[in-house]
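Worksheet: the structure to be examined is printed underneath.
Per-chain numbering from 1; labels A, B, C, D, E and F assigned in written order.
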Amino acid sequence: MQELPISRFPVPELAELPEDIRNRIIEVQEKSGFVPNVFLAFAHRPDEFRAFFAYHDALMEKESGLTKGEREMIVVATSGFNQCIYCVVAHGAILRIREKNPLLADQVASNYRKADITSRQRAMLDFAVKVSTQAYDVGDADMELLREHGFTDEDIWDIGAIAAFFALSNRMANMLEVRPNDEFYLLGRVGRDKS
Amino acid sequence: MQELPISRFPVPELAELPEDIRNRIIEVQEKSGFVPNVFLAFAHRPDEFRAFFAYHDALMEKESGLTKGEREMIVVATSGFNQCIYCVVAHGAILRIREKNPLLADQVASNYRKADITSRQRAMLDFAVKVSTQAYDVGDADMELLREHGFTDEDIWDIGAIAAFFALSNRMANMLEVRPNDEFYLLGRVGRDKS
Amino acid sequence: MQELPISRFPVPELAELPEDIRNRIIEVQEKSGFVPNVFLAFAHRPDEFRAFFAYHDALMEKESGLTKGEREMIVVATSGFNQCIYCVVAHGAILRIREKNPLLADQVASNYRKADITSRQRAMLDFAVKVSTQAYDVGDADMELLREHGFTDEDIWDIGAIAAFFALSNRMANMLEVRPNDEFYLLGRVGRDKS
Amino acid sequence: MQELPISRFPVPELAELPEDIRNRIIEVQEKSGFVPNVFLAFAHRPDEFRAFFAYHDALMEKESGLTKGEREMIVVATSGFNQCIYCVVAHGAILRIREKNPLLADQVASNYRKADITSRQRAMLDFAVKVSTQAYDVGDADMELLREHGFTDEDIWDIGAIAAFFALSNRMANMLEVRPNDEFYLLGRVGRDKS
Amino acid sequence: MQELPISRFPVPELAELPEDIRNRIIEVQEKSGFVPNVFLAFAHRPDEFRAFFAYHDALMEKESGLTKGEREMIVVATSGFNQCIYCVVAHGAILRIREKNPLLADQVASNYRKADITSRQRAMLDFAVKVSTQAYDVGDADMELLREHGFTDEDIWDIGAIAAFFALSNRMANMLEVRPNDEFYLLGRVGRDKS
Amino acid sequence: MQELPISRFPVPELAELPEDIRNRIIEVQEKSGFVPNVFLAFAHRPDEFRAFFAYHDALMEKESGLTKGEREMIVVATSGFNQCIYCVVAHGAILRIREKNPLLADQVASNYRKADITSRQRAMLDFAVKVSTQAYDVGDADMELLREHGFTDEDIWDIGAIAAFFALSNRMANMLEVRPNDEFYLLGRVGRDKS
C-alpha cells in the first residue's frame, strides 16, 4: 500500500538534498524511527522547507505557558475543521503520546467541544478555532475571556500563532496531498509508545 | 476514566428494561464483548430504542448492492461533517473491521475526498454528503452520475437512506452526549480483530 | 395535475403490500380521508416503512410535556430550514389543525422568530433549530435555558428527538421527491377542518 | 388577533398622511378590499414610501417578457431564502392568483427546485436566487444560460432587478416586523378569488 | 483604459434621455466634475432610475441623526460584505471626503470591526451588517443595544434602511457590472478635495 | 493619529532587538522610506520574525513563473476574503506599484471576479481563493484547469503556497491587530511612486 504517492509534487531523493535539510531529515528519522512525509514533501522546495520547520519549531518546541500536549490539541482541533488528513493523523499521534491518552486525539479531531478536556482547555480551543476560522472577528472580549482562565498575553499569542501556522500547514498538506505515514495511525494508541 | 457519564440523560439498569430490549443488549454484548453505549443511552426510551435499531438494521444489516464496508464509509464520512464523536469513533471501528483496513476510517472521517477509495466510492460519498448537508438540492443529475458509476436505483436509495438515518443518529448522539466506549478506539487497528 | 409522480422511486400497489403496512395505510385513509403520499413512498421499503412510522409515532403520538401542536411547530420550523416541501406542507396542515390557527404554519415555516408564538415556544424552537442545524454545539447552557422556561429534561429530549427525526425525514422526502397531496394545502385554513 | 402590531415603528393615521400617499392607499383598498400592511408601515416615511412603490411598480406592473405570475415566483423564491414572512405570505397570495394555482406558492417558498415549474422557470429562479444571495459571482455564463432558455437581455435585467428590489424589501419588512394581513393567507387557495 | 464598458447593458446617449433624467445627470456632473457611472447604467431604465435615485436621496441627503459621513460608513461596510466594487470605490471616495479622513474607507471596506471608529459607530455598523446579511434575525435586543448607544428609533430606521437600500444597489451594480469611474479611486486621499 | 497602537502586543525598541532583526528593519526602512508595522509587531518574537520573513521572501522575492505583480494579486484577493486590513492596505500598495496600475488593488480586494485582469489571472485567483477558503476540496481538476491556462506545476505550487502563507499572515495580523502605516494608503495611486 505504501506505493501510494507521498505528495502530488515531486519528492526528491535524500542524496540530492542540501546538507542541512538532509541532516534534519536524518535526525527526525533517528528520533522517530521513520521520516514523516511532510519532510519529504516540503523538501521539494528547500527554502520553504527551512522556513516552515523553523516556524514550526519556534512555536511547538520552545518553552511556553502551554504544555506540548495542549499545543498539539490546538493543531488537531483546527486541522479537523480544515479537513486535513495529514495533520489530523500525524499530530493526533503526537497528541496521544504527549498526553499519554489514547482517546483524546480522535475526540478533539471530531468535536473538541465534547472532548475529555478541562474548561481552561476548552477556552483555549474556542480561541484557536476562532483564529482559524474567523480571525477577522477576534477582539478584546476574546482576550479577556482567556485571561480569566489564567492565560497570559504570551500564552494567547502562542494559541493564536499555532492556529495561524497550521492554517498554512493544513492548506499546504491539502494542496500537496501529503499522505500520512502508516506508522502514525497506531502510535500512542496502546500506551507503550515512547514520547 | 470510564466513570465519565455515558449519556447526558439517565441510563437505566439492565434489570429494569423490557425483555426484548434487555435481550437485544445481551445479544450485542455476547457478539461484541461489550455493550456499545448508544444501546444504553437509547434504552431510556424503549419505543424510540426499538424504532431506532429496527431502522438501523433495515439499512445496515440487510442484503444490498453496497458492501457492509461501503455502508460504514457513508456513516463515517457524514458523521465527520456532523462532528459526531460517537459515530465517528464507533463506526470508524466497524469500518476498519469490515474493510480489514486500519487506515481508512481516519481518512474518511477527516476528508473522504483524499481517502484511499475508488472513484465509484468517491461518487457514493459525494452523494451521501450531499444528502446529509443539502438534500434540498438533490436532483436528476445526481442520480445520473451514480448510475454512470454502476449504482442501481435501489443502491441510490440505500446511500441516501443511510446518510439520512445518520443525520438523525448524529443529532441524537450529540444532544445526548453519548460517550463512545473506550474499546472502539483501538478496534481494527492491528489487523487481528474479529469481524 | 395529480398525474405528477408521488415519488422518484417506484410506488407499490396497495394489494402487493404486506398486510400490516396495507392495514396501516387503510387506517390513515379512513381517518384522514386520503393517504398521505409519504406512506406510499416509504411502502417501497417495508422494513424502513415500519421503523419510520414506529419512530414517528413514538415521538408524535405519545403523551408528552409538549402539546401535539407544539410538536408540529418543531417539525414545521426545522423542515423550513431543510427546504422540505413535503414536510412543510403536510405538517403545516396538521399544525393549523392542532392549534386551530390558520396563520401559524406559514409564519413558522418562513421565520419562526417572528411568528405568533410565546417566548417559551420561541425557546423551544431555538433549541430544535440548533439540534437540526448544529447539534455538535449543543451543551449545558442550552439545557439550562430550556429549564428556565419550565421544560423538564424529558421535554428537552422530546424537542431534540423530534428535530433529529425530521432531519431524517426531510432528507428522505427531498431525496425521494415525495409530492405533498393536494389536500394538505387547504387543510386547517378555514377553521372548520376536523382534528 | 388583529390587535397585534402592524409594524415595530409608528403607523400614521390615514388622515395625517400627504394626499398622494393617502390616495394611493385608498386606491389599493378599493382594488383589494383591504390595505396591505406594507403600505401602512412605509407611510411612516413618505419619501421612502413614494420611492419604494414607484420602484415596485416600475418592475412589477410594467410590460415585460416575464408574465406577472413569473415575476411573483421570483419574489416568493427569494423571499423564502431571506426568511421574510410578510413577502412570502403576501406575494404568495398574489402568485396563487396570478397563476390560478393554489399549490405553487407554498412549493416555491419552501424549495423552488422541486416546485411545479417549467425548466425555463427553473433557470429564471436559479438566476434570481443567485442575484439575491451571491450577486458578486454573477457573470457571463449566467447570462448565456438564460439566453439559451429564450430570455432576452431585457428579461434578464427584469429577473435580477426584481431579486434585487426584494432584497431591499425583505430586509425592510424583517427590520420593521411588518405583519402580513390575515386576508393574504387564504387568498387564491380555493380557486374563486378575483385577479 | 476607459474604453472598458461602463455596464453589461446598453448605456444610452445623453441626448436620448428623458429631460428630467438628463437634467439630473448634468447637475451631478456640474457638482462632481464627472458623471458617476451608476447614473449612466441606470439611465437604460428611466422609471427605475427615477425610483432608485429618489430612494437614495430620501435616505442619504435628508436631515438625520446620523451624519452624512456615518451614512457612508454604512454603505461602505455593507458593500464590502456584498463584494461590490462600484459601491466600495465610489462611496469609499465620498466617505473619505465627508469624514475628511483618507484612511477610513479602506479600513471599513476590509473589516469595520478594526477600523478607526467610535464604539457608537461600531454598534451602528454591527446593526447595519446584521440587516444586510441576516435581517431575519433582527429583534428587540438589537434595538435595545442601539438605544443604549444613544440612537433614536428614527436613527435605527435610517441605519437599517440604508443597509437595505444598498442590498439592492450592490446586487444591481454586480449584475450590471457597473464600472467605477477612475476618478473615485483617488478622491479624498490627499486631503484637498472639495466636499 | 499615528499615536494609535501598532499592535495589540508589545512592540520592542529597535535598540533591544537582535542584530539580524534590527538590520533587516533598517534595510527595509532605507528601501521603503518607512518601517512597515508588521516588522515591528513580529519583532516581539524574534524566532517567529525570522521564520515569517524567510518564508515570505522564499515565496515573494524569488524567481517564479508568476510576476511579482501577480503574486501580489494573490495576496490582495485572499486577504480580502480574510478581512485583513493590514494585508489589503499594505499589499494593495505594493500591487499598485508592481503593476503600475492605481485601480487594480481596490478592485481585487473587493471582488477579483470583476477586476481588470486577464482570464489567466482569473484562473490563478480562483485557485488561490480555493486554497485559501476550501483547500480540502482541491483536486486534480483544479490542476488541469491551471495547466490549460499555461501554468506549470511549479507555478501551481507558488499560487497555492502564497495563498497558504497569507492564510497564516492574515490570521496573525488580525489577532495582533497590526495597524497599516498611513503611508501605504496613498502609495502607487498617483503614478509616480518608486517600485
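Throughout what follows, a residue touches a chain if its C-beta (ideal position, glycine included) is under 8 Å from a C-beta of that chain, and two chains touch if they have at least 3 such contacts.
Keep in mind that what you see is a predicted model, and the values were worked out from it rather than measured.
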item	value
Touching chain B and also chain E, the following chains	A, C, D, F
Most distant chain from chain D, judged by the mean position of its C-alpha atoms	A
Chain copies touching (chain D, chain E) - same or different residues, decided at half shared	same
Candidate from C-D, D-F or A-E with the same interface as E-F, over half of contact pairs in common	C-D
Chain B and chain F: spacing of chain centres that average the CA atoms, whole Å	44
Rounded Å distance, chain A centre to chain F centre (Cα mean)	24
Cα-centroid distance, chain A relative to chain B, in whole angstrom	28
Chain E: positions in contact with at least two other chains	83-84, 111, 114, 136, 174
Touch-based graph of the chains, sorted into line, ring, star, complete or other	other
Contact pairs between chains, per stated definition	A-B, A-C, A-E, A-F, B-C, B-D, B-F, C-D, C-E, D-E, D-F, E-F
Contact set on chain F toward chain D in their complex	111, 113-114
For the chain B and chain A complex, residues of the former touching the latter	1, 4, 80, 83-85, 88-89, 92, 102-103, 106-107, 109-111, 114-116, 174, 177, 182, 185-186, 189-190
Sites on chain F touched by chain A in the complex	8-9, 44-45, 47-48, 50-52, 54-55, 57-59, 62, 82-84, 131-132, 135-136, 138, 143, 153, 157, 160-161, 163-165, 167-172, 174-176
Contact set on chain D toward chain F in their complex	136-137, 139
